[in-house]
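Shared between the two complexes below is chain A, which has chain B as its partner in the first and chain C in the second.
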Partner chain A sequence: MIHMGKSWLKYYIIKRLIYAIVIAWGIVSITFILVRIGPGSPADKYLANMSVKGQDVAQITAAIEARYGLDKPLWEQYANYMVNLFQGDWGWSFSTSMPVIDLIKTHWIYSFQLILLSTIFAAILGILIGVYSAVKKYSKIDYAATFLSFLGISIPNFWLGVMLILLFSVQLGWFKTYYDTTLPLFSWENLKALILPVITLGTGMLAGYVRYTRSAMLDNLNKGFVTTARAKGLPERTVIGKHVFRNALLPLFTIIMFDLGSIVFGGAYLTEIIFGIPGLGQISFKAIFADDYPVVVAVTLIGTFLVLIINLITDIAYTYLDPRIRYD
Partner chain B sequence: MTEVLTSVFRRIGGPLYNNRRLLNYYWQRTSKNKLAVAGLAFVIFLILLALIGPLFTLDPTQVNFEQKNLPPVGLSTEVSIYDRATGEFTATKIYGMWEHPLGTDSKGRDMLAMLISGARISLWVGLIATGIAIFIGALIGVLSAYLGGWADNVLMRFTDVMMTFPFFLLLVMIVFIFGSSLALIVLVIGLTGWTGAARLIRSEALSLRTREFVTAAKALGASDGRVIFRHLFPNVVSLIIVMATLSIPGVILAEAALSFIGLGDPSVTSWGIILESGQQSLDTSWWVAVEPGIMLLLTVLAFNFLGDGLRDAFDPRSNI
Partner chain C sequence: MNKIKILIILLSIAVFLTGCAGTRVKQMTNDFIDGQYGGDAETLNLLLVADGTSFSYIGLTLDSLANYNNELEINLLCLAKDIEISPDGLVYTITIRDDLKWSDGSQVTAEDYVYTLNNLMFSDWLNYPYKDSWQEQVDGKAVFVTPKVVDNTTFTITHQTVDPEFVYTIYDLIPYPKYIAVKYEGDVEAFTRAPEFNNLTYTGNLGPYKFKEWIRNDRFVVERNPDYYLGKPVGAPYFDRYEVKLFGNSATMLAALEAGDITMCGIEPEKAAKFDRMKNINVYVLPTSGYTLIGYNHRANGWEGLKKTKVRQAISMSINKDLICKSIYLGLAEPAFSFIPVTSPWYTAESLNKYGIGHLCDKKEAAELFYQAGYGKKKADGSIEIRDENGKPLKLVLVTTTGGGLAEDIAFLVKQELGSIGVDVELKLVPWETLVRKYLMNKVPGTNQTLGQNNGPDAVSDEPWDMVLMAFSTDVMAPSGSGVFFTTNGGLNFFGYSNARIDELFEEVKTKEALDEGVRRKTYGEISRILSEEQPVDFLVFRLGVVGFQSNVRGVEPGISMGYNSYLWYFE
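Right after this comes the complex of A and B.
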């Protein structure tokens, strides 16, 4: 095969990045407008935080609104917000009285560790079971795996979380009912505290990966090159591992990356709320109730950008995983 | 009215409605899949339960503190009751009774009645929201494929934006701002959930567009509308049925999740709302959290089995 350079890739990436920025801008705008047309002013929660006593509340509200530009017309607030955002200023969180960027810096790690551990758990176990299931097609274990993966896909993860708490925390007392935020991040205690949340978040993904791995393996198992490999007298391990599995990896890679992008506001959101993990999902959830629009918009922006960037990385990675793919 | 509906159904469901032999063929193929048949049976059971169940059960909103936290029949729980005469707590066992076969919650409401009421809500949410989503998805998908060019580009970029939007966060925001009403929740889920359908139907319609029968119809002078509704639509019906069946569980779960985090419509008894109240009382009445979850699980499982079976049955390449 003639090896062609990947110079087209550079233009492709630039095009996609511009596209990502446009989409992110659209989504930020919609979020900003949605949060700001809601009832109540961010100043209300700010005041509640400062516990004003014996002072004229209306006067202070007006002063705060003037200070943060909340008294200006909405379009002007929007324009200011966008300009600041572009300059790297994420705004001020009214409900927690700190810059949004600091709030995110202290909380992102909680979401990250949960998502990372769940993905590792689901991907490793899912691929192992899926490969075994495909190789031993129509065996008892295959049937069991298929049925259980249907169950795993169908189980509402928030209910699974509650059931795990009920069984292992309330009845057996093995774990705390709530995630302990005082634990040091890189410690065994923290890992133990994350077991139930990881199972809650990972089960649905695990079940999905079992099914995808199985069907991707089966797609390739009766292809011509597999027969050739067997005819050459290669050991079955090599045939499955090198010839079938490598070809099954591409669709699997797509689905794992897609999950990674969508999970932040999907399962992780609910898991964080159930177990009281102070990640980005939980802070944005609280921020919505507190009219704290800078936090909501910032977290939405991060989530959206993550999806777009992960999609881009996936598409670029394709060209390396499968050299036949080109985008120009 | 019925005439209009019938004609719409004949037109859209064309091949399946008019050709009983085809319908029979699909049924034969579907019925070979035991799990799909079980799923279908459960869905029918659920629909019947939602339709006629409320006639036989107690009022799901009836509060009775005398009979609160009753376990399901056959089970018992230990409750410590404060005795005024002695000033001591005495542990008493309370047993489930047939009046409340699935027990009661912390306000003494009958669990069976609440679950049946929840079935009604979930099915309603699932069917209407999926209906809206599939309708929009099919329209955009078919239009995009048929028109092509810049219209296709605009529609697909719009689909991309909708797909990237963090859907659940949007749902939480809109419901928080405009209030928790079931109609709004259904509308938002329906209006945002069509992206996957649009993409799939577009790709299916794209391949159909170049087939001979479409060219023949055009050559005979058929209008764009006629080609779309008479020739393209009926051919994606089986795909639409499969997609609808597989997207109903997601919709039901979205409503339940929203109710679970406290943003459900407080005027209805949905499974998510029961589950949320059950989470608060795990130590005194665990069944309140367990039962609606089992209903949710079975419902989602049934639709998934059915959808999977239908997909295999409709796919002429799969050998069953």
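Right after this comes the complex of A and C.
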């Protein structure tokens, strides 16, 4: 039935993917040009070191720029980059001395696991608390949840992370003070090492989810179909779970998916910094300051695609969550 | 029923957390973890390196010819004996040890060193960043020195002109294996991406450790090298692994030190006392060659008064250096009066004008100097109001980098100090890139000049400024490198300062006469005296370094070259 009812879907997906390629090309080009026409040079950060040895700054700057082809005209740099990109060569990261693709392959997983676990943690707890808060509106628990939500939104990640480290790592000695990349990915030790980072990143998200869920639930609780369902004598659990919650889920789903999309765009940057997690957030921010354009452009490209794909998945998921929605 | 479920979940969480507590046992390993805060290295390909972190990583696996101990005496590493210098100061004879091996077991020879110099460092294709350290001016042209193989373990380097400090450049030399490098010769892209050089697979017995792995922005790990040529009797070094762990912020790095998760790290001045009280941490205070200064803009877009010595002296006289040391560095800095630190053999205190302390720290006298220079008017009560050339209250722009806590603190203190004599200071806190590009780099207006740090006396920066607060450091053994700041054509003289006598003196330290250490010391003394009198910049303080170690680390010799013997450190 679903397949029959969504025959337009294939064309819709193809159309969106073509859009995605055009948008990604545009964003990559803009990013490339912005990074390259910026006033900085990869040699700027070495100024202090050069001065110790009394070096000729102009010569060193020229040497570093020539080594990476940055002395060529901008159009030539752009053409070379795009040709290489189409041939599958993402370039060489000159601030880390490794192929860009290897750099991303090594580091994406650290961001991914952190954001995925934080989102799961925040979504499960946030939705549960939000639903409970809405159902028990103006109860003590609702007030407590509201208070904690505002607290969660207000507390800066940076401060919370450092406090958690000082309490649980330094004082109680329960966790290591920083994330250990030597731990096997699928192990309890790794999961344990991620507890504090997940709480740090997830707390702000959780607070948001509580507020969104509560608000969406309250919107739907007063709707006519709820009264009808109750009048029909459906159990309250069914009314809330099947009718109210399902309708409230739609906007929440969008927010959760976009949080997941922040894997590449440094959504976890501060948490990565605090816990020493070498994720894509850290990599891309440092690349920006090092004028390492191959990394900046590659991360932007992947991020753009990811957001576009997540957006597409979200739009398609809408049609399942709410069958009234069609894109044909 | 629901309550029972909730209880079970809570109990499970409690058991898990208790389990966490139980499993938190410090590993008893011989791994040394060196905590660092800041940027990661750029490359392990030695000849492409231009940053200090990369040098420090590579230094764990490759020794240079020699380094210095804390007394700044030469400590031979790959050298079999100290470098011999011919009486005319032109020929350097270098003899390396005969037990140095590459990873394939072949001997490291003089040919490897000479090949590295001639075919890599001096080549046009590689763009070695520090080329000019190996060049000299002959008939107005920059020419390379001439390396030559004498025998398997001996080579010479010949200069055409005398440079008494060139020997220190040679001490830092590290060779590439010719048998690998020839494969990449002439192709800069292939050389840049060469796996042998990027993974340090060739280092043989040349360093105390062997490369293990490098996770960018996370950690750099090396393993004990049992074949290390300096560790023959005992199989040095002691540590099984040496790991540099990078942190994104100092708060977590210091928490890691306190918790015992790392073995050592640097400590900020304000935290030093706290760590000094901890029983499990040994804190060492070290001299450094790093100093903080205020540079005065002598160029056309700086306030005209700054071109007058009396005005610069007046400003320097108003800024209390003891106050900076005490209130900002909490005693972990010493007043500076020259670019040469006290620890350098070329430091002379006698003739220095010590602006900013004692009788040369006097705000009343500072106002008097402004008045004498024509920038003030006397009131009926004899006090002086400082005014600019138009008779208006004087306002100066001080620019420095944002985000550096200490720099910002000093900038505010300077504003306060000058404010107390009636000079208003506008602070501009900008990112490093902006500081370099907009304020320091300059060019002659209306020309096609490329921006540079010193494009001649008529060049100016995009943005006007009067004072810049920056941090530099000096090579304690070869301070002549600092000529880039203070000579008329110096590559980093963005202040625009010019003094023919200073230019001459920096030339004199590179003459045959200066081979005599007494002459060189006198020349450096004269340079320091003139700079301290003319105040083209106000040398504020030399910073002291603070390092914390876990208390079970032994063998550390605190001093200016603390890490020179780090392969001998051990756990008790």
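Everything below uses one rule, namely that the second predicted complex is superposed on the first by the 277 of 328 C-alpha atoms of A that agree within 3 Å, B and C clash if a C-alpha of one lies under 4 Å from a C-alpha of the other, contacts with A are read in each partner's own complex, and residues count from 1 in each chain.
The working rule: a contact is a pair of C-beta atoms (placed from the backbone, for glycine too) under 8 Å apart; a residue touches a chain by one contact, two chains touch by 3 or more.
In this text, all values refer to a predicted model and were calculated from it rather than measured experimentally.
**Student:** Kindly classify A:Gly88 by the partners it touches after superposition: chain B alone (first), chain C alone (second), both, or neither?
**Tutor:** After superposition on chain A, A:Gly88 lies in contact with neither partner.
**Student:** Once chain A of both complexes is superposed, is A:Pro184 in touch with chain B (first), chain C (second), both, or neither?
**Tutor:** Neither partner.
**Student:** Under the stated touch criterion, which partner chain does A:Trp174 make contact with: chain B (first), chain C (second), both, or neither?
**Tutor:** It touches chain C, and chain B stays clear.
**Student:** For A:Lys286 in the superposed arrangement: first (chain B), second (chain C), both or neither?
**Tutor:** The answer is second: A:Lys286 touches chain C but not chain B.
**Student:** Answer with first, second, both or neither: which of chain B and chain C does A:Ile273 touch in the superposed model?
**Tutor:** A:Ile273: touches chain B and chain C.
**Student:** Mind telling me which of the two, chain B or chain C, contacts the most residues of chain A?
**Tutor:** Partner with more touched residues of chain A: C.
**Student:** After superposition on the shared chain, which partner residues are touched by A:Thr304: those of chain B (first), chain C (second), both, or neither?
**Tutor:** After superposition on chain A, A:Thr304 lies in contact with chain B alone.
**Student:** Where does A:Gly233 make contact in the superposed view: on chain B (first), on chain C (second), on both, or on neither?
**Tutor:** Neither partner.
**Student:** Scan A:Ile153 for contacts with chain B and chain C and give back first, second, both or neither.
**Tutor:** In the superposed model, A:Ile153 contacts chain B only, not chain C.
**Student:** For A:Val162, using the defined touch cut-off, is the partner it touches chain B, chain C, both, or neither? Pick first, second, both or neither.
**Tutor:** Touch status of A:Val162: both partners.
**Student:** Find the residues of chain A that appear in the contact set with chain B and again in the contact set with chain C.
**Tutor:** The answer is residues 39, 158, 162, 165-166, 170, 273, 289 of chain A.
**Student:** Any idea which chain A residues touch chain B in the complex?
**Tutor:** By the definition above, chain A touches chain B via 23, 26-27, 30-31, 34-35, 37-39, 150-151, 153-156, 158-159, 162-163, 165-166, 170, 264-266, 269-270, 273, 284-285, 288-289, 296, 299-300, 303-304, 307-308.
**Student:** With touch defined as at the start, can you tell me which chain C residues reach chain A in the complex?
**Tutor:** Those in contact with chain A are residues 17, 20-21, 24, 39-40, 42-45, 48, 50-52, 127-133, 188, 192-193, 198, 215-219, 245-249, 251-252, 255-256, 258-259, 261, 432-433, 436-438, 450, 452-453, 471-475, 480-485, 491-492.
**Student:** For chain A, which residues are in contact with chain C within the complex?
**Tutor:** Going through chain A, the ones touching chain C are 39-40, 43-60, 62-64, 66-67, 92, 94-99, 103, 106-107, 158, 161-162, 165-166, 169-170, 172-178, 181, 192, 195, 272-276, 278, 282-283, 286, 289-290.
**Student:** What residues on chain B touch chain A, complex-wise?
**Tutor:** 35, 160-161, 164-170, 172-174, 176-177, 249, 253, 256-257, 260-261, 275, 278-279, 282-283, 286, 289-290, 292-293, 296-297, 300-301, 304-305, 308
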